[in-house]
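After this come two complexes, each holding chain A, first together with chain B and then together with chain C.
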Partner chain A sequence: MTSELPRLVVQGLSTSFPTEDGLVRSVADVGFSIAPGKTTALVGESGSGKSVTSLTLMRLLPRTANAQVSGRAEFGTRDGRRVDLLQLPDEAMRALRGNELAMIFQEPMTSLNPVFSVGEQIAESVRLHKGLGRAAALAHAKRMLDLVEIPAAAQRLHEYPHQLSGGMRQRVMIALAMACDPTLLIADEPTTALDVTIQAQILVLMRRLQAETGMSILFITHNLGVVAHHADDVVVMYAGRVVEHAPVRPLFATPGHPYTQGLLACLPGKAHVSGMPRPKRLFAIRGQVSSPLNPPPGCAFEPRCDQAQERCRQAMPALVDMTPSRQARCVLRSAA
Partner chain B sequence: MSNIPLIEVRHLKKHFGSSARPVRAVDDVSFSIRPGETLGLVGESGSGKSTIGRTVLRLIERTAGEVLYRGEDLAGLSAERMRKMRSKLQIIFQDPYASLNPKMRIGAILAEALATHGLHQGRGQRDRRIAELLETVGLRAEHAKRFPHEFSGGQRQRIGVARALAVEPEFIVADEPLSALDVSIQSQVINLLADLRERLSLTMLFISHDLDVVEYLCDRVVVLYLGKVMEVASTAELFARPMHPYTQALLAASPKPDPTIAVTHVPLKGDIPSPIAPPSGCVFRTRCPHAIDACAQAVPALDDVASGHQVACTRKELFMMKVAA
Partner chain C sequence: MQLPRIVRQLLHRRIVMAAAVVLLVIVVLALGAPWLASADPNDTAVLDRLKGPSVEHLMGTDELGRDLYARIVYGARYSLAIAALTAFGSVVGGTILGLVAGFFRRLDAPLMRLVDAMMSFPDILLAIALVAILGPSLINVVFALVLVYTPRVARVVRASTLVVRELLFVEAVRALGVRTSRILWRHILPNLMSPILVQVSFIFAYAILAEAGLSFLGVGVPPEIPTWGTMVAGSQQYAHQAIWVVLFPGLAIIFTALSLQLLGDGVRDLLDPKLKKTM
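== the complex of A and B ==
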């Protein structure tokens, strides 16, 4: 262990897209950090900006989107340097991506190349980043398939993505991500397309790999059940901003932001206490997310918030400390 | 709640493809739904739950078996009579983006449903009914003038519900109506479905892979695996005392939104087998942690283990003893 410095420190990250109807701020002033060997979950609903955050960090936003990015993302490399992912030259970024920085996506079918065998795809990555020869790279690919517990790996190596089930494809994606021994894995909804019994397998696999390699994970998901069991820290996003940031247990025990409170309260799995009759109605957060083209003047959640006050409409509240390790973006929390 | 079933499914089979090597999507499934009851159909991809929903409504034709509606087999009905019957039997689809015609205004979408069944004829009466339907699902009358793209996902699903309700059905198949929606919107639609069910005394077949939603919304549950019924029980009984190893695994694998509950279960191994070549005997045996040689020999029957609780498992005595102990 070189130091206790976080592996990634994101500060003031903003990503905006020019559109015909004006500038859309998809991510605004987002900050968090991830310690070595730990998992930070980025939680939010559609349009909250969680995927744009991860694509911005990986510099994978399409050029044609003309994204305007600002902020810092300091990453600790294997050789002990601290680099800003947002400022690195393209070539240096390419050397990190797929190597120390890996990513897995929601839909493994669209992120694997359908015309190459899975072995070739893994081998390409290690030839590129580790300079291995063809035979050595393929042997490494087989070890990777073994690592992610794909049965009959030697045979699977020569199969194509369409020949594999959804769960197997996601294992291949993980094998591909793990091939160069990453120190930071960004997992964007990695189990959303999978059935629950397969999801459980993939989550156990990711845990095991994290314990063995000490990699950090940025886990992007909307599934609070998965967050509860697989995250150390949680960042809750709403309309492009961080509304709450806390370690996992305090977050679920005493959510600080009315949005987090609402999200947890509206889960049917939380509504029912065993041995008690079902409640007649579930808690529901009224209304819907405001259009990003026409955000409310104050707190973005104010139009849906049952606890809103006049001052919530005046200005966007700051992210304030509830305790040294917890923050919430709510005027009700700043008094405490 | 009367005990005479509104819907009775008997030995339903739906095979796709060539008759030599068919895909056995639904293979000998039986269950019944009492008037006013909400029956949950749960299972993973490939379990046949959506195929059952569509076969029950004759949106696709069955291979074998019967679907009785108030004692009458729907398969025996002429096209003409089936069309009339459809005003009693409706469906809400999963994807609120794909199931509304983007070129039609909401008013026209609802008017089409009314016109098909000759309900509320005459412009004034029809418009009043459309306004009433939109208000029933929590939208406003002026929304009738808008197009589907002007609505959010949750609102579109409300329109899908309004369309199903337009013809005053008795029975609704809800095929994963919540899976395309965000969590905060999901609870709005769950409340809507629960309200309407009560107010209009609807009977519902609720298809879902989300066990928490099923536990909240359904009276009884049928657990499917690879086209076969594994377990049937009242919701309270199933969630408190799951008897089939598959149900147990499914419940254990579903992550609870509470970090203080320790995860101790070992995930099931492997994938769902191909429905072209399902395993012999019990279809779950290839992934079952309790499988023995006998499980490969014969297909286990769906037997009563308690009142209203049926399990198809060769080794069910094992779990019945555990529960008793």
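== the complex of A and C ==
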């Protein structure tokens, strides 16, 4: 935590899948970085490449998908080395996974093995990475359940996933992810499957754990409300590309990309973009995400954009600096 | 006719319990054969041949005057042992095959085509061919039956593996850095235990029938070993004079196989969480 280097630097990350209808570029030239102890949110609608980005970083894409990955993902390990997650040998990657890099999934109902008690599942991870014995690992598992504020942890330890509610299971998943004290936590829509009150509890818990351990979080979500409260930096993705990258406050104050503006306008209650009158009806971005098999020649968002111009149709705009700390992929910003 | 749910459940449960009791009695008889059988199963007494059931010979005697009750009790040892070894062997083989085929997609097609090829032969025909090639002995019968039933288990295990491998927890444990072999062994296999257990009980039942069938056809275990199958086979031509020579071994086969099937059904209901209330 003493180093000033970001914990994770992703550059030019692209992931493509060969399909019968041609190559699908799910993630194209994505770059961002996460500072130690900070949270970067990856925001976008379904199919924008958020989850593929996280799975690519964890190297968890199914082998049968034959994904073609390029780019760099430089990760600072605990012992001070900088490794490229995309180039690491399988064995070394496995040693990092669950240990320094942990992941929480969207669906807590099916993310736990139904035939093992939650204690055994948490214990497995620490036995694997820390080489603890069975008893010590179980004791550690109990501490982890305490840490994620599960009441009667000693008793819950011996319960099976089906005996726990969704919120409890997500807490167990967090305990499982945190068991080896990771430095980077990838949370793939961790609260999407939970109801709103539980969502808030889980988010507060994650923030507390982050403050205590100094871990970095890559927070993948489509919930902008969550982003506003919990992220430091925001990466907005559209059709596999980064369309805007900014610290959280400026992004919400003055969204730079028309897509981000549209997303913010879609929020009920907050539906007014600065300079525009508060609309009476709920705003929706018109149209649909373009097919990844047949992307428009210019800006991917151009067919849905109200501010589209002729040059938007010609070529994909570059990601331009609006200020030193923010970028947007829009011709309107490059003119400024 | 629609009986009340409770009555049906109770009835179902009673049948399973009865099946369990029948099996227990047979297993106790088999294990305690030296003490529970009144006579040596291979003692011949030509003068007492084809005698009907009496106090001295509970189930009568066969064409060589051997005590049928003693032979059935000793025969239980062999028949159950053959069935148990067959069930064990084919479940181990089929589970490994099915797990590998279901998990490693590249191996799926070649392995399953092999399994299909084996399953395309009628069970008994394949077993007869194998025993004919290998020669009739207890071990060869077991080996042939294992080969016959392994594909069955492999199919079931593969199907269940395909379901379990797609569950998110498999990806979650992978994200924890668990290696593939351990995921298969520690995380997927335990989730397959209920279909596997059901297969054990069914194959146990099939194997008893198949062994009897093979012995009846003369390609099973050598005739000097008393199994229920060899008893029916050896005495069949006397059936019209003395029905008991085939009746009692036949009943032993029917009761054992039926009880095993019922128990298998019960186990499946018990292990299927959606049907748990039935038990």
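One rule holds for everything that comes next: the second predicted complex is superposed on the first by the 325 of 336 C-alpha atoms of A that agree within 3 Å, B and C clash if a C-alpha of one lies under 4 Å from a C-alpha of the other, contacts with A are read in each partner's own complex, and residues count from 1 in each chain.
Keep in mind that, in the parts below, a contact is a pair of C-beta atoms (placed from the backbone, for glycine too) under 8 Å apart; a residue touches a chain by one contact, two chains touch by 3 or more.
This one's a predicted model, so the numbers in the text were calculated from it and none came from an experiment.
Colleague: Kindly say whether there is room for both chain B and chain C on chain A in the superposition, answering fit or clash.
Modeller: In the superposition, chain B and chain C stay clear of each other.
Colleague: Tell me which partner A:R333 touches in the superposition: chain B (first), chain C (second), both or neither.
Modeller: A:R333: touches no partner chain.
Colleague: Under the stated touch criterion, which partner chain does A:R7 make contact with: chain B (first), chain C (second), both, or neither?
Modeller: A:R7 sits against neither chain B nor chain C.
Colleague: Considering only touches as defined above, state whether A:P268 meets chain B (first), chain C (second), both or neither.
Modeller: First partner only.
Colleague: Taking the superposition as given, does A:D195 touch the first partner, chain B, the second, chain C, both, or neither?
Modeller: first
Colleague: Scan A:H245 for contacts with chain B and chain C and give back first, second, both or neither.
Modeller: After superposing on A, A:H245 lies clear of both chain B and chain C.
Colleague: By the touch definition at the top of the document, which applies to A:L60: first (chain B), second (chain C), both, or neither?
Modeller: The answer is second: A:L60 touches chain C but not chain B.
Colleague: Quick one: classify A:R169 as touching chain B (first), chain C (second), both or neither.
Modeller: A:R169 sits against neither chain B nor chain C.
Colleague: Is it chain B or chain C that touches the larger share of residues in chain A?
Modeller: B
Colleague: Just chain B (first), just chain C (second), both, or neither: which does A:V226 touch?
Modeller: first
Colleague: After the superposition on chain A, what is the angle at the C-alpha centre of chain A formed with the C-alpha centres of chain B and chain C, rounded to the nearest 10 degrees?
Modeller: Nearest-10 rounding gives 80 degrees.
Colleague: Aligned on chain A, what is the least Cα gap between chain B and chain C? Give it in whole Å.
Modeller: 12
Colleague: Once the two structures are fitted together, what part of chain A is touched by chain B and by chain C alike?
Modeller: none
Colleague: Taking the touch rule as given, give the residues of chain A at its contact with chain B in the complex, in rising order.
Modeller: These residues of chain A touch chain B: 45-46, 165-168, 195-201, 203-204, 222-229, 248-249, 252-253, 262-264, 266-272, 274, 278, 280-286, 288.
Colleague: Show which residues of chain A lie in contact with chain C when the two form their complex.
Modeller: 58, 60, 64, 94-99, 102-103, 105, 107, 110-116, 124-125, 128-129, 173, 176
Colleague: Report the residues of chain B in contact with chain A in the complex, numbered from low to high.
Modeller: Against chain A, the touching part of chain B is residues 44-45, 152-155, 182-188, 190-191, 194, 209, 211-213, 215-217, 239-240, 249-250, 252-261, 263, 265, 267-269, 271-272, 287.
Colleague: Quick check: in the complex, which residue numbers of chain C touch chain A?
Modeller: 105, 167-169, 171-179, 186-187, 190-191, 193
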